[in-house]
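The same chain A turns up in both complexes below, where it pairs with chain B and then with chain C.
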Partner chain A sequence: MSLKQGAALALAIATCVTGAAWADTIKVGVIASFSGPFAQYGTQYRQAIEAYQAQHGKTAGEHEIEFIYKDVGGTNPDQARALAQELLIRDRVDYLAGFTFTPNALAVASMATQSETPTVIFNAATSAINKDSEFFLRTSYTLWQVSVPLAEWAYDQGIRTVATTVTDYGPGIDAENAFREAFEAKGGEVIDEIRMPLSTTDFTPFIQRVRDQKPDAVFAFLPGGPPTFTFTKTYNENGLKAEGIRFLGTAETEEVNLQGLGDAAIGLTTAYHYSGAHDSDANRAFLAKLNELDPKAIANWASVGAYDGVHLIYQMVAAAGSDGPAAVEAVKSLEWESPRGPLKMDPETRTVIQNVYIREVERNPDTNLLQNTEKGIIATVGDLGWDK
Partner chain B sequence: MGRFVPLILLAVAVGLYFLLPYNLAFLTRILIMVLLVLSLDLVLGYAGIATLGQAAMYGAGAYAAGLFAIHVWADPLAGLVAGAVAGAILALVSGLVILRAQGLTVIMLTIAVAQICAEIANRARDITGGADGLRGIRMDPVLGLFEFDFVGQVGYWYALIVVAVIFCFLMVLGRSSFGLSLRGIHESPARMGAIGVSVYWRRVAAYTIGGAIAGIAGALTAQITQLVSLETFAFVLSAEALIMLILGGTGRLYGAAIGTFVFMWAHHTAASNDPFNWLFVIGAMVLAVVFLLPKGLISMPAALTQIFKGGRDAGT
Partner chain C sequence: MSLLLNIAVDGVAYGMILFMIAVGLSVTMGLMRVVNLAHGGFAMIGGALAHWLLQDLGFGFWLAVPLAVAGTVALALPLERLIYRRIYDFGELQQVLATIGLTFLMIASVNLWQGSSLLSIPLPSALSQPVDLGFRTLPFHRIFVIALGLAVIIGLWWLIDRTRFGIKLRAAVDNRATASSIGIDTGKIYMASFGIGAGLAAIGGIFGAELLPIDAYYPLRYMVLFLIVVAIGGMGSIPGSFAAALGIGLTETAARYLVPDIATIAFFALVIALLALRPQGLMGRA
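Our next item is the complex of A and B:
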């Protein structure tokens, strides 16, 4: 290595470790999926980031903020780590953001810690992620955070027996554990725990098994898109709804796929932190800006996770510029009004404390579109899975 | 000319280190992928075993090295051995069954083995971390001297040396009587059988060696990324490795290296210039190579010579 290159490299490392305090443009590296089957998530993030910048300008404090997008495809920790390294060393970003899948976030934990780079997770919902780095902040939710309130609410509604049906993979099992623990603690009974293979396309046997046992309700956790669609359709066709077996879910009725579910979805009950139909000025302004930039844009959990993530980054930049530890310290107890409702950062778990809403799918008489109408609020829920 | 190609490749790899000091993580990923594609070249290009499941051994090596580092010993070289052993055992056990079949059945079975491994890793959450990935891998310095650094310098040299050693090993193997018999089996299994070669056992041996090398590649990725996910068993990985091999040209070691490099480089450049539509570029590139250079990029010099000569001949 020539002396010049050596010096350049040393400088690069030094700036990325100590933070380029003199830089007036602060760069944020966004690692997310922009291609392949999960490209929708990346698109949602980008639309939300652009909406935030259109609303609040491109400067925070005295610094201009620039976003650099990197495509990680799907679950690909090797790629996530390589991209993070490239962003930190070559592009000299001061903040990292994005991360839809848990392994991708975990892969950059040690780098975030070593380089003292605040990293805002827009989605990855496994509780334990934030234990891996002091520089991880999360603006999405955890599965415990929404499943536990749902179980408690269900018991309070007089539901005593539940069959759980979850897709057999990490998040599904998390949801099953969270729901069972909370429901049994209340005094309810989980009479059957069904785990369905990820590749299931015909849910009839599982639904039939639930029907035979006649529980008061069926708790479901499925990945978004076609599985949810088929599951809810099967749920209706097999007469569970008619027999009074209620549907309890979380992300199943998220907005991007909601219209596709059609009338079959009407009446589905879910507990979740964001509904596109949330009644507040902040949400209306967010939706208006989103649709102004792209008329086809639909706001869902991914959009609001990114939107609040950008807000957090703006606050950190305004408070501490590119000084990583100070930036994290500055927002550890931040409170703000998000499109989803009031938010507060939990200094211990570094995940947002938020309201969980009990919603029911209805058809909006004005727009004739399906929406998640909020029917109840469980206020200020933190990450309940932190100590599990 | 063929004799100098490996040296040129080595010079390129060393040169890239100085030219692109900010992209070492990416370059290291290329090196690891080269190793996986080399193992595929041995199995497919030399021994003629059509496989779409090389990721099974890669993943086994990655998990073995990861678990070995967490529970037994965090020494990198010992981890490589653990990865190689895991890859070899899986290849041997599955190979004994798979290689009794022929043609399409072999492809199906190799895919099945990778899927089964992925499902086992998914179920054994307590050991492997399931869909969250295996974490907590912290490596000791290489040889007790070189600690893995943030920029990835040590990781790069470490991977480069491992790849170079394996490359030399495969060069020797390719010229040994064993390697020649593999080529013979590739050309005509019936004839090799007729002259007294045990086709089945030679194939099992080649599959096992290929498995060990894929296991080493997996171990490298586990040590450098410090995380192993279920995706190490992914079908996409096996398929991409195959595309890289075909792109470069099968049956030649440097074909595997060149194909991997070109594919990943195009992938990286296209994806960073346009993170939204880059797949189109990759598709166009693969199509162009398959149509214009059916024997892969290594046949480019020959093809160019032919065009040049053809033009002159037509003129006279």
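Our next item is the complex of A and C:
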């Protein structure tokens, strides 16, 4: 190598190194649904991200943070993969985020690992996802995390027999298994396990079957929106509530569709990690900012998942910039106060350890709106489904 | 015994809701020969209007419902004039493409106007009360829907079989050119029947919302269900739609009571078998 070439090389290296230090905009690619039937999720994410940025500014450490949104439509693993590739190669993002559906998250696992890109999952709630990549971090919850404490709480309340009614798809079966295992371990009895087709429109037959068996409670897992609406209505109208058969659920009373459920929802008991009515300063500040930016915005699990996900990204960027492995290492045991309550990352599962609250739907006397009123903390747990 | 009664009561109530929404589709598809995939869209518009009048404007239920139905018809008539009139002469595939495009437009408009969450239509207390039938309780709403369904089928039969309008409609359907040459204004007849179809869809959408809740994606979510009712009933046959809707309601309900895990498979297997045996539907003209 001649002196001239050596000098040029040294200059080139120097440019690269200093170039990296100056690269003060760190890009985060958000893959979520912004159109179609699931557009609500993307909207919730975007509102939460904007609220976080409005509260905490657009810089973390030395770096400015920019979010790039990509629309994946719905459950579409191929599209998720293609979008991740585009974000990584063309937009040169350093972080990935979003992911409402499990298949979409799984589709980008190998890419996240190869490119060492920390990927923050805002929702996808199947336990096994985080096993697929060391670079996956999750700020939502898993079905086991909320179903197991609910089953144990129910037993402690004197409920001895339960019929489970779940929608017949992956998450429903996960919820059924989690609930049964925990409830039977306590000594309770699951007297009927009903799996309802995903396309069910009239739930009366299932509800009537439950009623005829007279269990102490019915555990339900349904996808949000129309199925939950019809199920809870049918539950009330067929007199299960009057008969004293309690409703036990998880995400069914989420805030976006809660007002639509109407009075039929009052008294429904759910175990979950976030209620829009959570009583804390962090939550009030979050809600205030959210509504300041968009008066119609409603906070639910998707908003808080994204909000905490952005917090995690800010911490990673502040600690390690664009160095993926160092970034993940830096937040592996991070603790912080979220709008949902205190949070802590679990270094093994890379899912948050959080409080699970038992809540009841009530009408807020001041606003006259329905809300999930928290009645107590029934567990502080991480992902209980990791070893299943 | 009580199981059989349960199946009968729930099945008939469910079937009536299906009938009310699908009969309008049967009218437009069978009588007017237009494959109107946007039919569910009119049911959704009826529901969305009812939701808006009730929740946002604070109207009473019995005032909001007729207004919502009238509003849907008022939207449907210009659509017929401007768009559907040009679609009548298309081939079937073009009709499907045009009306599915219209469906997407309706979805996007309602999404923009009311958002993508559930649009609830709260019932007055008279309708939402549970009624004790002895062996079980049933919401009064279901009984009301059964009565309304019966009223709709009797009303339609009377309209088509016994009135001058019905005679003209049948004449226009059988041979449009001859009908207009003897002085029947077929354009007006078609427009009126289209409006009736849309109005029926709106009624079905509003009263069926307890089982098929209204949201922006309603037309796509339940499109297959409505098409099945019409396909099994036979296009254009109102008694056929009625029999098909009741049959589907009863079969699906029975399958859910007896074999919940394979209810969907059992249901579609039956539909396939039936259509293989009678491709023109129960009462369709071959």
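Convention: the second predicted complex is superposed on the first by the 365 of 388 C-alpha atoms of A that agree within 3 Å, B and C clash if a C-alpha of one lies under 4 Å from a C-alpha of the other, contacts with A are read in each partner's own complex, and residues count from 1 in each chain.
The criterion applied here is as follows: a residue touches a chain if its C-beta (ideal position, glycine included) is under 8 Å from a C-beta of that chain, and two chains touch if they have at least 3 such contacts.
Just so it is clear, the model here is predicted, and its values are computed rather than measured.
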| item | value |
| --- | --- |
| Fit or clash - chain C, chain B, common chain A | fit |
| First, second, both or neither for A:Ile194, with chain B first and chain C second | second |
| Chain A-centred angle between chain C and chain B, computed on Cα centres after superposition, in steps of 10 ° | 60 |
| Touched partner set for A:Thr230, first chain B, second chain C, both or neither | second |
| Contacts of A:Asn355 with chain B and chain C, given as first, second, both or neither | neither |
| Contacts of A:Tyr169 with chain B and chain C, given as first, second, both or neither | first |
| Most chain A residues touched (candidates chain B, chain C) | B |
| Touched partner set for A:Val256, first chain B, second chain C, both or neither | second |
| First, second, both or neither for A:Asn300, with chain B first and chain C second | neither |
| Minimum Cα separation, chain C to chain B, after superposition on A (Å) | 7 |
| Chain B and chain C contact sites that coincide on chain A, given as residue numbers | 39, 168 |
| Of chain A, residues touching chain B in the complex | 1-2, 5, 8-9, 12-13, 17, 34-36, 39, 42, 69-71, 74-79, 81-82, 85-86, 89-90, 102-103, 106-107, 109-111, 114-115, 126, 128, 132, 168-171, 173 |
| Residues of chain C touching chain A in the complex | 2, 6-7, 10, 14, 111, 115-120, 122, 128, 130, 136-139, 141, 210-213, 215, 217, 220-222, 225, 252-253, 256-257, 260-261, 263-264 |
| Complex contacts: residues of chain A adjacent to chain C | 37, 39-40, 168, 194-202, 204-206, 208-209, 211-212, 225-226, 229-230, 233, 237-239, 256-257, 259-263, 296 |
| Residues of chain B that touch chain A when the two form their complex | 18, 21-26, 28-29, 122, 125, 130-133, 135, 150-152, 221, 225-231, 271-272, 275-279 |
